[in-house]
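Look at the two complexes coming up: chain A is in both, with chain B in one and chain C in the other.
The block that comes next holds the complex of A and B.
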């Protein structure tokens, strides 16, 4: 029973981690940089949903569909007017574009603090603390809904990337940018759209967590750290890798919390992170390829 | 040349922004001069503890304005000036902030310190730099246990002493056979848990479960499910506010019943705890250092004034800062001269009444310059925080054992 409870909690939470991390891995794949502002984008998405809920009484799950377009637009603008501008300058090494994302993270965080203060905020819905019991195991309803929506989004994204024209262009750009440009793909437009989608997915993940968790301007660091581990775990740039990586991180954290000690929960994730780097540098993606 | 122009605009924008920010935060850090007495205050103004930093800064300002109106902010013809620094809740930043205040700004004394980890660092540096430091909140035991002559703690109790009246109540009412201890894995959490654990061992109470957790977790259920299987009579938890509400909410979700859930102050007494966890807070008890309806003079007054001015309810953290400002003004007013030893001696001779109760810096029980704390036990009853122990100051009777979730 204890094992069942642990596995269910871990998987459900892992599904949400996965959704957030997929946004990061997508950007990673196309841009070849780690977007350290990713957690801050999650935070902005959460605030949009929060404001919708607090001021206009919109349910977080519907507010999510407002937060996603807003963040898509924000992501596009960041890419077009900030990151792409750096890409154009030859003297700036691509690695240093990461520094720009740190700057963006700081600006977003402090802007949120300016508008909302540092207070902890949360959205309480009628179903926030609803649970269903499976035998003696309790499953939180918002966590369950969040997990399913996250999985649906992951599937949709997968279809989008494999079936549509833009999706194929995104994959082409991430495989070989120069070759993609020679084939007539407008790479700056593609990077812009990718960043937008990544940001929208971050917003979705944040909104799904809102009924369960809480919100403050610095909440993003938590998500940046988790997404980073998952991105490495799944193989940088791999969507399915990130989905599996998210589930594995959620599960191992949960198992670690139950059977080792909850104080070492984050250590479990980091140990896996180091082991993957040492013995499986390509992440889970390289397992599939072999 | 289009690009070149862009760069100029960008640079100008950045300069304007930096100027704005500096103007906004510094609040006149320019003047200086020799006719001021500078008090450096280090608080987490950004980062995940910023909410408390803000509350404490606001309370310092509130107290300062009152003192100013009473003419007590000028000592010996010099005006007391508060200089804030942000420690971001990080130890390395706290250390550099301390050194900056002492070496560059030449402050006469230091105050502040929110998290125990940062307070410890500030206290260590202050002692090495021979600068008096009056702690506001940092409550880890060892801060005043190192014999540091320049470190004073008045408004904050050592974490292991939060529980004095609580033990009194345990002995007379609860009499638990087995307890579970959970705490966040920081200085504050481990220190609070350690005090309670030792006391349990001394009294022969069985500790059925004892575990730390990582601050900021989303899912506490693995730990809670584990704890449920040991079936403790009582749970003792040391947490900050949002972890506290996550824990009680998830206990409700798990239908985990216990006769008494006791929080070790901090998160469990804050308005945000109820706002976030709602009905799950019912019958949760907590140790407390201060509540607005406590009988010390000025306490309710401070609460109302703060609420009116900042539109939010303060909790004991704000009260600590408010009381600290009064202690500082009192000590500086009595100091023979504004040297470090002069202020240190004035602090040492402090004997005054504040909204946190009487303050006196004494050496006792291994502590140095530590005030003897007054503690209470409070309990959430239908969204209101009631004092339930000691019985002579109670505002409501205790509810024990707490009813089961299904029977509420």
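The block that comes next holds the complex of A and C.
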């Protein structure tokens, strides 16, 4: 029963990690950079939801629909006025854009610290500590709701990317930017929208995790690490790969925490990450293709 | 006067200045700031060898810094030896650890290398945090320093910085240095010319890890308290060293030292004037520098000179 509970909890948590990581994988696919500010965007999204809940009494699951447009706008602005500027700049290190995202991460984290102090905060709702029983396994209700909303979002995003015009343009740009430009796609606009969508997904994931996690300005680092692990696990730029990668990371963390040691649960994820990077550089997606 | 002579004289002037500063500045607080600058300059210079010249951006240098610091700390904790032995042991441990790390991570390139290093740095932090019997875990290691005279630490640190700068300078201006730059500019072209790229990347990593470990061991001796979340910190060590080098100038001899001076001075200045906003201002500054001076202050000296000269010219009404 312990095993069953561990697996289910891991999968449910992994579903929410996946949502955050899908945001990162979209950005990585189109811009070819690792967005190390992604966790900070999650953190900002969490604070928006937190403020809505604390000051206006809005339920976190509704507050996320306020956080998402806010973060979409923030993401667009960051991409357009900061990261995009570096495309033409000549510099010694090619990783300049990545380093800029580190600077953005620093600014967002410290701005949050200035406004909200370093205190640990949490949102408690009437159903925060509710559980449902499945046989002898108890499953927390916020975990369950969060997982289902995350899966719905993943599905919607998949439809958006495959069925709509903008979605197809995003995929075309991530496959081959030059060819996309020849086909008449406004690639700079698409890049901006993609960054916005990525940030909005980060906010959605953060809001879903808010009832489960403590919130503090540095919480973003945790999510940055998790989402780049997932992105590499699933294969860069692949939405479904990221969804599967998220489930795998959630599962391995949960198993590691139960059967190895609570303190080592993050090591499990990192070791898997390095192994995948070395021996399966295309991620799990390349296994499916083979 | 030709360029080489001018540079040489500037260096001599700088050394004399650095040696004479404590004659003027005697207050412990000011000396403390200078010592912090020296520690950061050592880490920055070592990172610059790998990240700046060889182009292998490492997000995990905290691993080497922490190993150096813990070598010194654990010697005192377990063997009751003076932590000063750590100055010898720390760099060696860091360099030894760099061997397998290099073997693993240099199989990867560019952003993947950066991420693998990031993951390794975090693994070290988590392991040192959880091996509570061996490392004291999050409680950290506290030692009672035998020497409390700041002047002593200043000159010791200065000596180490000089050693680091000299070693980097010699490496960069030797054949290895040219190989490293060629790897940074185009690894495939370098390979096709017969340069064993993995070997030379390792040759850059080893001294880089060595001197970062040295800075770590010195940090342990000077600050006298470490815990894994301080010395293996991702944001405050691994990432900050990159930003310090970016600020000062990537792939320049003096860039990291300039960056360290700016970082510490600004940090202290903003801490006293703006309170908790100091890191925020620093972050904004870093963003601006990366956006407008992508090669750092020392790296864009020509650009800065041109800008100021143009201003002068227009002021005097010239062309």
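Heads up, the rule we're going with is that the second predicted complex is superposed on the first by the 285 of 290 C-alpha atoms of A that agree within 3 Å, B and C clash if a C-alpha of one lies under 4 Å from a C-alpha of the other, contacts with A are read in each partner's own complex, and residues count from 1 in each chain.
The rule we apply is simple: a residue touches a chain if its C-beta (ideal position, glycine included) is under 8 Å from a C-beta of that chain, and two chains touch if they have at least 3 such contacts.
Note that this is a predicted model, so its numbers are computed, not measured.
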| item | value |
| --- | --- |
| Superposed partners chain B and chain C on chain A - clash or fit | clash |
| Which superposed partner A:171 touches (first chain B, second chain C, both, neither) | neither |
| Partner chain in contact with A:102 - chain B first, chain C second, else both or neither | second |
| First (chain B), second (chain C), both or neither touched by A:80 | neither |
| Contacts of A:131 with chain B and chain C, given as first, second, both or neither | first |
| Partner chain(s) touched by A:9 [first = chain B, second = chain C, both, neither] | first |
| Which of chain B and chain C A:222 touches, first, second, both or neither | first |
| Touched partner set for A:273, first chain B, second chain C, both or neither | second |
| First, second, both or neither for A:34, with chain B first and chain C second | second |
| Touched partner set for A:214, first chain B, second chain C, both or neither | first |
| Superposition clash, chain C against chain B - the stretch among 6-14, 24-32, 78-86 or 204-212 that is involved | 24-32 |
| Overlap of the chain B and chain C footprints on chain A, listed as residue numbers | 110, 113, 218, 221, 261, 263-264, 266 |
| Of chain A, residues touching chain B in the complex | 2, 5-6, 9-10, 13, 110, 113, 117-120, 122, 124, 128-129, 131, 138, 140, 209, 212-214, 216-219, 221-222, 254-255, 257-258, 261-266 |
| Contact set on chain C toward chain A in their complex | 51-52, 55, 57, 104, 107-108, 110-112, 114-116, 118-120, 122-123, 126-127, 129-130, 184, 234-235, 239, 242-243, 246, 250-251, 276-277, 279-280, 282-284, 286-287, 290-291, 294-295, 299 |
| Residue ranges of chain B in contact with chain A within the complex | 46-48, 50-51, 53-54, 185, 211-214, 216-223, 225-226, 229, 241-242, 245-246, 249-250, 252-255, 272, 275-276, 278, 280, 312 |
| For the chain A and chain C complex, residues of the former touching the latter | 33-34, 82, 85-86, 89-96, 98-100, 102-104, 106-107, 110-111, 113-114, 218, 221, 225, 228-229, 232, 261, 263-264, 266-267, 270-271, 273-274, 277-278, 281 |
